Amino acid sequence: MVPSTNTTSTDTSGQENPGGLSGWLQPQKNRMFILMTLAATAMFIPLVSNNYGLEVMTNVWFYVVLCLGLNIVVGYAGLLDLGYAAFFAVGAYTTGILTSQFGVNFWLTIPVAVCVSACAGFIIGGPTLRLRSDYLAIVTLGFGEIVRLIARNLEITGGASGLIGIERPSIFGFELSQIVHFYYVFLFLAILACFVSYRLQHSRLGRAWQYVREDEDAAEAMGINRVAVKLYAYVIGAIFGGVAGCFFAAKMTAISPETFMFQQSVLILLGVVLGGMGKIPGVIIGAFALVLFPEVFRDLGSMRMLVFAIVMLIIMLYRPEGIWPAKKS
Amino acid sequence: MSIQDILLQQLANGLILGSFYALVALGYTMVYGIIKLLNFAHGDLYMLGSFVGFIILSFLSDYIGSGWAGILCTMVLSMIVVGFLGVLIQRIAYVPMLSAPRLSILITALAVSMVLYNTVMAFTDGQYLAFKTDLGFEGVELGNVFVTYTQLTLVGASISLMVVLQLFVHKTLYGKAMRAIAIDQDACRLMGINVNKIIALTFFIGTSLAAAAGIMAGTYYGSIHFFMGFVIGLKAFTAAVIGGIGSIPGAMLGGLLLGLLESFGTQIPFIGTEWKDVFSFGILILLLVFKPTGILGKTEIERM
Amino acid sequence: MKKSLLLSSVSGALAGLLMLGNVATSADLKIGIMVPTTGSEATYGKDMENAINLAAAEINKAGGVLGQKIVTMTGDAACDPQQATSAASKLVSADVTAVVGGYCSGATMPTMKIYGDANIPMVIPAANSTKLIDINQGNAFQINSTGFDQVKTAVGLFKAKGIKKLAIVHQGDGYSEDLAKLTREKWTAMGNEVVAYEVVNKGEQDQSALVTRVKSKAPDAVFWTAYYADGAMVIKQLRQGGYRNLIAVGDGSNSPKLLEIAGKAAEGIYCFSNPTVEYLPAAKSFHTNYKATYKQEPDAYAALSYDGMKLMADAITRAGSTDKAAIIKALAATKEFTGIAGPISFTDKNTLARSNFVILVAKDGKWLLNK
Amino acid sequence: MSNTILEIDNLETHYGKIHALRGISFTVREGQIVALLGANGAGKSTTLRAISGLIRSTSGAIRYMGDDITRTPAHDIVKKGLIHVPEGRKIFKGMTITENLELGSFTLEDDAERKRRMDHVFEIFPILYERRTRDSAFLSGGEQQMLAMGRSMMTNPKLLLLDEPSMGLAPFLVQQIMKIVLRLNKEGVTILLVEQNAKVALKLADHGYVLETGEIVIRGDAKTLQQDESIVKAYLGE
Amino acid sequence: MSLLEVNNLALSFAGLHVIKALDFNVEEGSIASLIGPNGAGKTSIFNCLTGFYKPTSGEIVFNGKSIVRRKPHKITRRGMARTFQNLRLFKSMTVLENVMSGMHCRSSAGPIGAIFRTDFQQKEEARINEFCETCLDFVGLLGEKDRVASNLAYGDQRRVEWARALATQPQLLLLDEPAAGLNHDEKQQLIELINRIRDELKITIFLIEHDMGLVMKVSEKITVIDYGEKIAQGNAEEIQNNQKVIEAYLGKEEDEIV
């Protein structure tokens, strides 16, 4: 998402297929141009859209952050995480508890949430990463449920009704209260998430994730500590979720355990798989589809999750790498 | 009630619940044992079993009523229907994925699960349906423990299904072929065993056992809905892991143990029922971390 | 090629979305309906939507409000906070004059902020968690009795039945936990004992362990504060497990489905409920009209939803304009508005001044008014 | 001269990008023992796997008793009496010896016949009878090889493909196994024997083929091959 | 001086003795081979050396330090690299990215460096890049560096694997059947490459190979094992004339069958 000045940039999409947009995307300058156009469009949406459009688009950016976070775990490192909503919950509850019960300033809760969610990632990742991938899926699922149940059962988390009256943040005395404010906040977070994802992907750590995903034994033989590398993926993914959770709590002002059900985790996973695991543009498209599809096709009613599920199945069967084309050459 | 009575009653509760878990866990374990696939859709097939049973029973009840005879017919029919459905799912969704990376198969299984429960949700509008039978809740007092006839019959049914399965797997050639496939597929081909057919058979049996459990649940609890498979799917998986995934006696043992653990878990002083699931998931995680092979599971060659 | 296709379809969808809120502008009076029309609570939501639309149609037939025809617009709250906020924004963006709706308390809560910020008058016919009162910005009016009222009715019954030891079971969601907590507070404040306070995990079928635990505490009554679906199973298993004393359920369980699922086990249980159509003499014609229009029986919240729409129209008429602040003022000043479910006046917290809760009892598979 | 039972015609196979067999042709006549020799990785096992249908050949043809079985699935080939005893024995560890043998006769419907054949196997391998209820995982290497051969005999084979029956066995066991190979041959089973142990194999065989990197480099009468110095070179390099 | 010393190594799986009391050593700067019939336990020995298997008992001393029970990635960091019997490339990644995996243990930038592109990180990336390109150049694949690995011809994929192993900057390179699947010309190139790695890069080489011609040509010392035991050791000529070896491969002359 960010122009690469890195000589090791290895994205070689469309070298053999210079036709169409993908060919045109290749030169650094054109890609830059597209990104600028997209960013500008995103910046100007509030000028033409009503609140509903903004609400939906804010939701899109929000899911972009979550999906990119999960993408680090699933897409980059190839670990199935079925309890990602837990990290998102950890962030949201950290902010919620600190602001509503202890009166801590919103901005101060973010570093706390980062630490807490990183710890959560570490706690779940540490002992379980030696497990086979399918066991890991179940452990993360169980972990997600445990976090939700704890939130539901404790007094400090407001029990089943959750927390209400979470403070809205302000910057330099300017309170973020309108949807348009949150639109820009989440847009900024989404861009930040893209930036961080991109930089990580094209780094030593990012490559290590891919090595481990493709062949664990070979990666280990090359001197890569697979447990440490996976743990990094878990912790960084958890931080993405935690930060998104902080802002989610601030935007909603009320959070309850129901938001962090298993279905939420599945939804985020859906976004990652739909667009294409491990590919930033793919994941962004996945997040768009996730949010826009139900809005545009409201008339489908209860059929719409079914349509979603079928699409997901078809994608896994016929195009497991997702909608976004894979690099060739 | 004295504390002994309470504990005895909880023992009975645990065994009844455990026999349900065991029945569902069997399907998990069979499929996992043979193709190393964690079939996320298994819980949904349990759910589907109860819905198919619901439809069949509503037809049958006009002719043979919805007493034991009706339920028995329904059970057999819906086991067959859902069993074939399981095979169909395996053919459509899992066969093409057998050589794909593990992550892809897991996500496919998850997608299958979503398709199943969303289909039922769309058709039922997410409603709870009353699974009506003529069964009452008369029962017997065994000492101070009260068990209804329905409960006894259901436990009896699930135990006999398990016994039949155990006999099938150990005494018939097809059952032996199933076990052999889990050991070495190529060698099975060289014995003239049509591996795909046997895998399909495994799916059929595992799925129909889940369907049987689904019908029993419908009969016993009286209501069915599209998401009923989720919790039991998870619990059954936990049971399968406790017993050692891939092992059929392990699944039975694990199911009973989990059932007992849950019922006695509610009697632990100072911990309310709200922590029950935290308790069982916690056990699952600890078990996977410290003894992933479970109680009766085979140890694999250790790798550093 | 694929990428360009993708990009264009995404941007197309986006453009369509941005336009969506902007359609439909006329001289009509736009009123939003916010109920769950998808998800597990969809049947209740659709029932409420039907009743509100029926009321609107009747008003329009009689000449509309201030000469304007009412046009309704439904936002699907899906009983999910996230979906509810976008549905609420959609209604606000569509520039509705007022909103009638709110079923799940959890999903209604975050939307109250949105309606409050836009100062849109809102009548809430169903959601009744006491938490709603705290976050009300003054624009919302609850015409369902609140949890406080229900608890008052409940402990009244328990007292009258000579109950000493009470067991309370909820389901771990905002609504039922709220009701359970309030009941426990009130009951212990009255000097009585709550011997068991339990929670059932939503969707779990086997409750035998819970039943044994509850039974071992030998309560005189069990109060189920949550919804019918799991309630039916809890009741059935309580009776199967040999519990013979009183069982009562909250208004979330007021459904014929509960009796259908629990069967004989439900015989004689009590239910605290807002007034439903079949027990309201004033609702006879509504009942007939509803059945004629929608070919089905009205459900638990039909009467209140119908009243909600009628009340809103009445307030707008009294305000004499479609100015939102004026409508809110008129709503607050409502005095003994005669709805089919009973008279409506508001407290200074915008809740119902006089509880309209009734007690039902299950007899032969039907809910009857307890005399 | 007896009839041709197996005919391999210009067979080629690939493992991914590796060209494992580069067009090999040979025939096996009924009642013969034919040895397929060569160093590790020369393509001997691949040839057997292609014949028994475990892998698909990329081109060429396999004819068995006049039928083209190039595309026939492995489990159907077994029904024709062509049995492959794979490298590493591949017995079903975790199952008893009896169960292993029963699975060998999976294609058989007749229980009495199964009993008869099992008795025959037990007669040839008394050690298996002694341990018939034991888990096969606890058998020694030689016993495992006997079980693998016994299992294949349960199908009443006409042509037996034996892949390195002597692998990992002590010399006296090798002799024992080879005696059994001879006995089976006397009972009318044609045998295609893949062996690294060339000396032993050529002693038994009527005919021999030597493979090197997927091609047949030497072919001929077993007696002649025994004297051929070039075989040593094929194994140990020049 | 011995770079690698194996003393009394034993490995068993579920009661099956795969390796029994094995002793051998590899001299620094030499090219040594390990041969033996199928199933003799050669790859198991490699797996013990590289930490993939835990030996049941015995001692492995590499460069003066014991490496028994060390994790594979730590052993690689100590300077022992390996290739695999079946190609184990990172298939969907480019050739250069594949080789870069080798440099992982010789670099250290973490997530913070990656996100902020610190000076240190950028320099390190440049260093990784440069060294990996050198490695690719060494095996003659620099021109293919941006191609996806799985699209290369088989022989070239093999060379990517070597370049990847070289990028770990090893002192000892273990090659598991490097010639498997190669044609005649490619084998000649392989022999040349093995010699160049030793002569130009001063890396000691220890290989398992079935192609005896190749083994005899390149190795200075050959260790022969059978049934997990060492049966002979020596140079090519000695091995070719060793009666035990011939028996192990061809069987005993005096075996009486009939």
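Should a chain be cited, it is by its letter among A, B, C, D and E, assigned in written order, with residues numbered from 1 in that chain.
The rule we apply is simple: a contact is a pair of C-beta atoms (placed from the backbone, for glycine too) under 8 Å apart; a residue touches a chain by one contact, two chains touch by 3 or more.
Note that the structure is a prediction, hence the values are computed from the model and not measured.
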item: Chain located farthest away, centre of subunit B as origin (C-alpha); value: E
item: Between B-C and B-D, the pair with more C-beta contacts; value: B-C
item: Farthest chain (mean CA position) relative to subunit D; value: C
item: Computed distance of Cα centres, subunit D from subunit B, in Å; value: 43
item: Inter-chain centre distance, subunit A versus subunit C - centres from mean C-alpha coordinates, in Å; value: 34
item: Geometric centre distance via CA averages, subunit E-subunit D, whole Å; value: 33
item: Contacts with 2+ other chains: residues of subunit E; value: 14, 52, 71-72
item: Set of subunit A residues in contact with two or more other chains; value: 152-153, 302
item: Subunit B residues counted as touching two or more neighbouring chains; value: 125-126, 230, 272, 274, 277
item: Subunit B residues within the subunit C interface of the complex; value: 1, 6, 9-10, 13-14, 16-17, 20, 125-128, 130-132, 136-137, 139, 146, 148, 150-151, 217, 221-223, 225, 227-228, 230-232, 262-263, 265-267, 272-274, 276-277
item: Residue ranges of subunit C in contact with subunit B within the complex; value: 38-43, 172, 197-201, 203-206, 208-213, 215-216, 218, 228-229, 232-233, 236-237, 239-242, 257, 260-265
item: Partner subunit D, residues of subunit E touching it in the complex; value: 14-15, 37-39, 87, 153-154, 157, 177, 180-181, 183-184, 210-217, 227, 239-240, 245-246, 249-253, 255-258
item: Subunit B-touching residues of subunit A, taken from the complex the two chains share; value: 74, 78-80, 82, 127-128, 131-135, 137-139, 141-143, 145-146, 149-150, 152-153, 262, 266, 269, 273, 277, 302-303, 305-306, 308-310, 312-313, 316-317, 320
item: In the complex with subunit E, residue positions of subunit D that touch it; value: 15-20, 39-41, 87-88, 137-138, 164, 166-168, 171, 174-175, 178-179, 182, 196-201, 203-204, 213, 231-232, 235-238
